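Working notes, beginning with the structure itself.
First chain written, first letter: the chains are A, B, C, D and E, and each begins at residue 1.
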Amino acid sequence: ADDTIKVGILHSLSGTMAISETTLKDAMLMLIDEQNAKGGLLGKKLEAVVVDPASNWPLFAEKARELISKDKVAAVFGCWTSVSRKSVLPVFSELDNILFYPVQYEGEESERNVFYTGAAPNQQAIPAVDYLMSKDGGSVKRWVLEGTDYVYPRTTNKILEAYLKSKGVAAEDIMTNYTPFGFSDWQTEVSAIKKFGSAGKKTAVVSTVNGDANVPFYKELGNQGIKAEDIPVMAFSVGEEELAGLDTKPLVGHLAAWNYFESVNTPENKKFIANWHKFIKNNKRTTNDPMEAHYIGFNMWVKAVEKAGTTDPDKVIDAMIGVSVPNLTGGYSTMMPNHHITKPVLIGEIQANGQFETVSKTPGLVMGDEWSDYLPDSKDLISDWRAPLSCGNFNVKTGKCGGKGTN
Amino acid sequence: MLEVSNATLHYGAAQALRGVSLKAGAGKITCVLGRNGVGKTSLMRSIVGHHRLTSGSVAFEGKALDRSAAYDRARSGIAFVPQGREIFPLLTVRENLESGFAPLKRADRNVPAHVFELFPVLKQMLGRRGGDLSGGQQQQLAIGRALVMRPKLLVLDEPTEGIQPSIIKDIGRAIRFLRDQAGIAVLLVEQYLDFCRELADEVNIMDRGQIVHTGPAEDLDRADVRKFLTV
Amino acid sequence: MKIFHAMGLTLLLLLTTLSPSGAAEADLRAIIAKFATVTDFSETGAVVQELTATGDPAVERPLAALAEGNLYIRTADSMVFVGKEGDENVQLFDPLSGEAAGEASEDDITKITVNNTLRRAIRDALGTLTLGSKDPTVRIAAADTMFKTPDAANIEPLDAAIVSETVASVKALLEQARAASILVSDKPDADKLAAIALIGSRGDRDAVSLLTSVEANASGAVKDAATAAIANINSTLAFWDAGQNIWYGISLGSVLLLAAIGLAITFGVMGVINMAHGEMVMLGAYTTFVVQQVIRTSFPGLFDWSLVIALPLAFLVAAFVGLAIERGVIRFLYGRPLETLLATWGVSLILQQAVRSIFGPTNQEVGNPSWMSGSFDIGQLAITWNRLWILVFALTVFGVLLYVMKRTPWGLQMRAVTANRRMAASMGIRTPWVDALTFALGSGIAGIAGVALSQIDNVSPNLGRGYIIDSFMVVVFGGVGNLWGTLVGAFSLGIVNKFLEPYAGAVLGKIVVLVLIILFIQKRPRGLFALKGRAVEA
Amino acid sequence: MSKSNTILYLDGVSVSFDGFRAINNLSLVLDKGEMRAIIGPNGAGKTTMMDIVTGKTRPDEGEVFFDGQVDLTRHDEAEIAMMGIGRKFQKPTVFESHTIEDNLMLALKGPRSIFPALFHRRSAAEARQIDDILGIIRLGDKRHELAANLSHGQKQWLEIGMLLAQDPKLLLVDEPVAGMTDAETEETARLLKDIARDHSVIVVEHDMHFVRELGVKVTCLHEGSVLSEGTLDFVSADERVVEVYLGR
Amino acid sequence: MITGRFFAAGADRRIAITILILLAAAIVVPLLNLAVSPTSAFYVPAYIVALTGKYLCYALLALALDLVWGYCGILSLGHGAFFALGGYAMGMYLMRQIGSRGVYGNPILPDFMVFLNYKELPWFWYGFDHFWFAAIMVLAVPGLLAFVFGWFAFRSRVTGVYLSIITQAMTYALLLAFFRNDMGFGGNNGLTDFKDILGFNVQADATRSALFAASAAMLALAVFITWAIVGSKYGKLLMAVRDAESRTRFLGWRAENVKLFAFTVSAVMAGIAGALYVPQVGIINPGEFEPSNSIEVVIWAAVGGRGTIVGPIIGALLVNAGKSWFTGVLPELWLFALGGLFVAVTLLLPKGIIGMWDSWRGNAKALRAASVAEEAGTKVAVASATSKPARSPARNPGEWSLSDPEPQAAE
């Protein structure tokens, strides 16, 4: 039984999230294949254990437990939505295993058993807004924060609001609106954006609209004739995969902020795309940011396991910090003590061919900030999982681990 | 014309018909009588194809019907007026009548005038929903609907139930007319003895799922026959 | 930003001073060649500025190509070309003459990148350049651009254009653009007041937008006039807003109607609790995708016809699957309607997964044909073509269905069979046929709804799930078994929803609608168009 | 006309459906302890009249009083039933998935709220009552069978049995002998006469032999109002009754 | 007295066996988990304990639904809402037990409130730091909602699909409401990261075993109560209302009250199921209000056998175990398997597993009886008690039963 090292893959293959998560399962299978072709890990073959949590949050917890207790996996790569991550967290800490979480999220979390390879708000939202405020970005003065009504957009928008106000934006120049999951009739919202944008100030939309709702949103934008030159939309959840379902000609110029674009022109990325096409047997399939996050996360884990010489989670967790691997945009990403990684931030404009073209890139790498500096209750918190601190919510003011702690 | 031989029928484990044989000839009115629950309705429903016989057979115009579906039986010329009326409640009276067009050729798709002569109330209420009619009106509609199909065999299960006396008389006249003019066969289940006696060419009496007597209408006056109808 | 402003100014100055023949072609080529050496957006901007400064209408071609991202540099010789992406290679054209200049593979050329700011600058610049175009739609676009980016320097060219303009509607637009420019000039207040009056008469949001910035920068009478004009426009706009909400409601209603109408047959008429209804809609959408895919690869010229071709196919595909479901499963369940819920739920899981296995889990791209794209205005109402067509389509489907149900023998038989299958058979109606065809009809209609919905929503395996609940709501709210109920139900839910949304937001709005449905059903326990009388009483 | 001493009092009652007047200014009085037979053409409004009395249909106008003082238009079906008006429907309506016995048990007079029903245990008296009724309706050997499995006529009997079990003050019996043999018809007539000794009864029937056997006052309805009233001989001699109802 | 009937009744052996099995499981499974060495063949891993504990909660929910659907014909497509509300009440208690152990260390406010900038605890969170209060709320909130909802709906005589759809609208509206972060229930992320229940660590094996035992015992109790209800005269009335509601009115019964009682009892049962479920799965989030969840409950009941007591339990256990198993072994094809299972059950076992078992046995018994009677020469008109499926009454398209040939309206 011990001649292989098992790796759990916990992504929804059915239900509402299958549309996004299935790709990540395939990406993981590809990475594991490649590693095995290189001779495996610690002299053993890697074996993927795929389960389907079916976009059902309690089922995520159940399946996580199954992977760890029954299948005895060495680490799990999985989850997309924050709620699925929240659902499995207690399982990972109880059974002491490792989760790699590859999606941009709202932050405000740092767990010993989780490595966050997606972007924290400061690795996506803040640079995106900075770009829009810049001359190149159009010197935006008026902001629509349009999101799906759940925690990630709410928190991101809260951070952004605080940030924008700190930059002197007036409250009446910020409009926030939320729509339900899977929302499909955007007429009213798009016309409200149009209206808000006609106040004589340069206006932009910052969209945290999630998943399925994006396609009808962009279709409506196109049909109501909102052009990127007039009111650009900057999205945090729209990647190449989402654009694949759209005719992007009317959307040229709308933006997205990520840490990776398929169009990035580096040898690593070229190779990654070629491998992906070969693996998935379809030259049209796109790559996207969460795939890169898994690429980074997986390589980090491999390196940490090699460093620790064992797959024992406790040892691997300690070995992870400081591990540095190449990312696909031509640099190195490093695992920080707060279990978040360093990444470049790219701003891209949508092109007619469904790809993004990078129009701005942060000069260096940005370190993921788990506790936002723009929220009053978290600005004093830091996370550092190295001994002797080994704390996910250390309060620098009180000098104590365990949050704000009035006691 | 219609020949039932040795029919048995079960409802689950319960037997409703036990070896029933019966003939109904063209141009004749054949009556079936019997107390409540002896199997009259079960027999009629087996003939029109609502129930599948456990054993035995039904033949119509010499052809065995046992494997044919209810709609094929209807198409071959059997019309049914069920006990309990079973009109289509949400269809209007007109639509209820027109539902009988299905087996007809396009040219024949009209409601014969004698239907409205027989049941003038239907003409007044053509636009009303069938389910809104009074019980007796529904019964008239059920008979009218069967006549629209121009059947060769008319199966009537207690057709006079709930109908006012004057119209019962009309129905009697109509049945006789259909027999004499159109030469169709009529199979009639009745509880209303006088009606039967007046109309029937032949009576069959059922008891406990069997036919216990067959003979001319006059037999109904015999005491040994009547005992099957008393409580 | 400043650089672009300056650019526009220079350009206009030049336009008026230089002769129309413009600079020599060689000079233009020299400027264009500079694109080969730019390293960032501001350098590209500088080249653009230089080009527009020539005032030569010939620069329109390279600039338009640049804005669209079609300007390339051939790596080998640093020559600049307009490119058109073909199947394999990029076809190259001369940037000035437009003559074909061979092909190049993608690896041999580099695209000159642009961003929104550059695109905007080019659009503004082209606006003035194209003021004299022969094509009135181009002149309208130019006037529109100049209205939105007013500049004192525009006044003179606009004056000239107004004099020579022959089309009345274009002339009016040019005058408004001129008025906008006057407002940012140092003309006397009297001129500005007249300009405000003219702009105020436009009555739209662009006018408000312009006047708002005037209001912020001006003082005295001009400011007051602007304030008054804004208030005036806003009050008429409020009226138009209500109209706009009604339109949104109607168009949402038409989507609900389309989604629900097939269910009004399979559920409303036949009584099958058809949980696989959404999947029929999905099949229609995927049929559209496949049709477009074939057209894209084999008959690109037919793209505008793709939906027309997809409609009958979607109907057939969904109807066929419906037929198979009816014959394979549902026919065993008549008389046990509750169990249809269980079986069709199972079928829907299977269909979803089948589509996921065949087409993959991700969204598929279904394009809008040109006649379904964009919008037009009626007064201040913006009406998008796709919504309008969907409305027309939904009403047509409804009309046809109503005719079938009420006026054809088939419709009568359908209703008879579902009322009492056994008795219908005894009337000579071939019940299995009627059942199978009715279910196929309902499914087929769901399929063509999928064609329409593919135009506004995701085409993914989850497509159907998004509509199933709304569809049941509509059918039940309207009154089961009543097609008119479905129609009125769909539109009233659509309109109520869209009236609530601007005030309550989409989430609360939807909650309120659901609560209203619950309350409404208390008042009318059998839906909007309840059948009355003993025929229906239990 | 005084309401006191009447068990049922209808005055000037009208009801229409989509413009069709099913009941038209109907007035009808039933004394306490009286049995009345009601006849009339199909669609005369006999069943609708019962609907009004039992609270199923609300009259558009007119007075409906029970027991001299209770305004029935202000009460719903359950309340009216609780007051002591029982009804047998024209089309037999029984609880098909219950046994014959349970059908009767549910009809049996007694408290009608939830908790007593929850903690109810059948008493010996109740058991005896049920046995008696089963004897009367001759379904004793089928007592443990589901009502769904009864023939049409047997369901008629079961409904009569449920009416007996209810033991109401006023019985409304709509076409009790439809689908019964002549012998059963006579039996039913005897039964009803028996009941009428200490109950008030309204019987609707088209079977003139049966009506004759009841030997009570007859009211003939036509187009929603009373056409003729009196002994059966009197009413059947009425030309108009012959014309619209009996036929020649 | 009811207990007397229970012990006296040889008739309902199946109920007694079910209850005994459940009670035995409540004792044996925790023992096998806690007291047996992990290497032993009899050891039950904690993973299995948690999983089956969860299934038992689902079974309780299915049983609750069946009380109203199977026995009273109320097809509720919103029972998940009562389950979720019970779950939230429990979740709120568990949240309050975290105290200052949350990531922000705020002793009063749960984490999500801290980062959503709540300044103080919303009023409706008061009291949830006490278990007894939460326990009352577990019963009261679903019960009250069901009571109010039912009171209006049944009084207005909303029946059939109309009722089903408004129950669906109810759960859908609650879904959207609970999704809103502004509601104060943690939005989409819901309530998670529980630490203690009644002072015991929720993740400890012993606590899990105790929760499992509680679920099994509660289910046993619910089986007993349901059995007592449906066997009583009220239970017969319930079925009478299902089959011919208006006829019961003419007998003087208040059909609306009959339904309301069952609906409320059922909602309370569902709430208890939710409350037991939450500490075992470790999260409660608005997804539980998802209309499709409620539909699934209906499906469990249908698979096991509607209108029986043991059926829904078997259905819930079977479908969920199948789901767990399929999602693990056939992650990409399991929907085919599950969908196929549903279709197969409908076609091959039209009355569900238990229903089919019954009619098979019932038929055998009736056939035996019939042949004996025939030999004796007595009149045989015995039908098997189960030869005809119980039907719902109404005839018009607004009702579920559309194609039933025998009209049954009270005319």
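In the analysis below, contacts are C-beta pairs under 8 Å (C-beta built on N, C-alpha and C of every residue); 3 or more make two chains touch, one makes a residue touch a chain.
The structure presented is a predicted model; accordingly, all values stated were derived computationally and were not measured.
S.K.: From the C-alpha centres, identify the chain that is farthest from subunit D.
M.R.: A
S.K.: Report the chain ID whose CA centroid sits closest to the centroid of the full protein CA set.
M.R.: E
S.K.: Let me have the rounded angstrom distance from the C-alpha centre of subunit B over to the C-alpha centre of subunit D, please.
M.R.: Their C-alpha centroids are separated by 29 Å.
S.K.: Could you tell me the distance, in whole angstrom, between the mean C-alpha positions of subunit C and subunit D?
M.R.: Chain centres of subunit C and subunit D, defined by C-alpha means, are spaced 65 Å apart.
S.K.: Can you give the whole-Å distance between the Cα centres of subunit C and subunit E?
M.R.: Taking the average C-alpha coordinate of subunit C and of subunit E, the gap between them is 45 Å.
S.K.: Please set out, as single numbers or ranges, the residues of subunit E touching at least two other chains.
M.R.: 176, 179-180, 244, 246, 332, 335, 379, 381-383, 387-388, 395-397, 405, 407, 409-411
S.K.: Scan subunit A for residues touching two or more other chains and write them down.
M.R.: 13-14, 149, 178, 180
S.K.: If I count partner chains per residue in subunit D, which residues reach a count of at least 2?
M.R.: If we look for residues of subunit D contacting two or more partner chains, we find 17, 47, 90-91, 149.
S.K.: Quick check: in the complex, which residue numbers of subunit B touch subunit D?
M.R.: Contact set of subunit B toward subunit D: 11, 14, 33-38, 41, 83-84, 121, 128, 132-137, 139-140, 158, 161-170, 191-193, 229-231.
S.K.: Can you check the complex and tell me which residues of subunit A touch subunit C?
M.R.: Its residues touching subunit C are 13-16, 18-19, 22-23, 135-139, 149, 177-180, 182-185, 187-189, 191-192, 194-195, 198-200, 212, 215-216, 219-220, 222-225, 228-230, 232, 241-242, 244-247, 250, 252-253, 255, 349, 351-354, 357, 359.
S.K.: Touching residues of subunit E toward subunit A in the complex: what are they?
M.R.: Touching subunit A: residues 45-47, 50-51, 54, 100-107, 111-112, 114-117, 176, 179-181, 186-190, 192-194, 203, 281-283, 285, 287, 323-324, 327-328, 331-332, 334-335 of subunit E.
S.K.: Touching subunit B in the complex: which residues of subunit D?
M.R.: These residues of subunit D touch subunit B: 17, 20, 40-44, 46-48, 90-91, 138, 149-154, 156-157, 175, 178-184, 187, 206-208, 244-248.
S.K.: Could you pull out which subunit C residues touch subunit B in their complex?
M.R.: By the definition above, subunit C touches subunit B via 409, 412-413, 415-416, 419-420, 422-432, 481, 531, 533-536.
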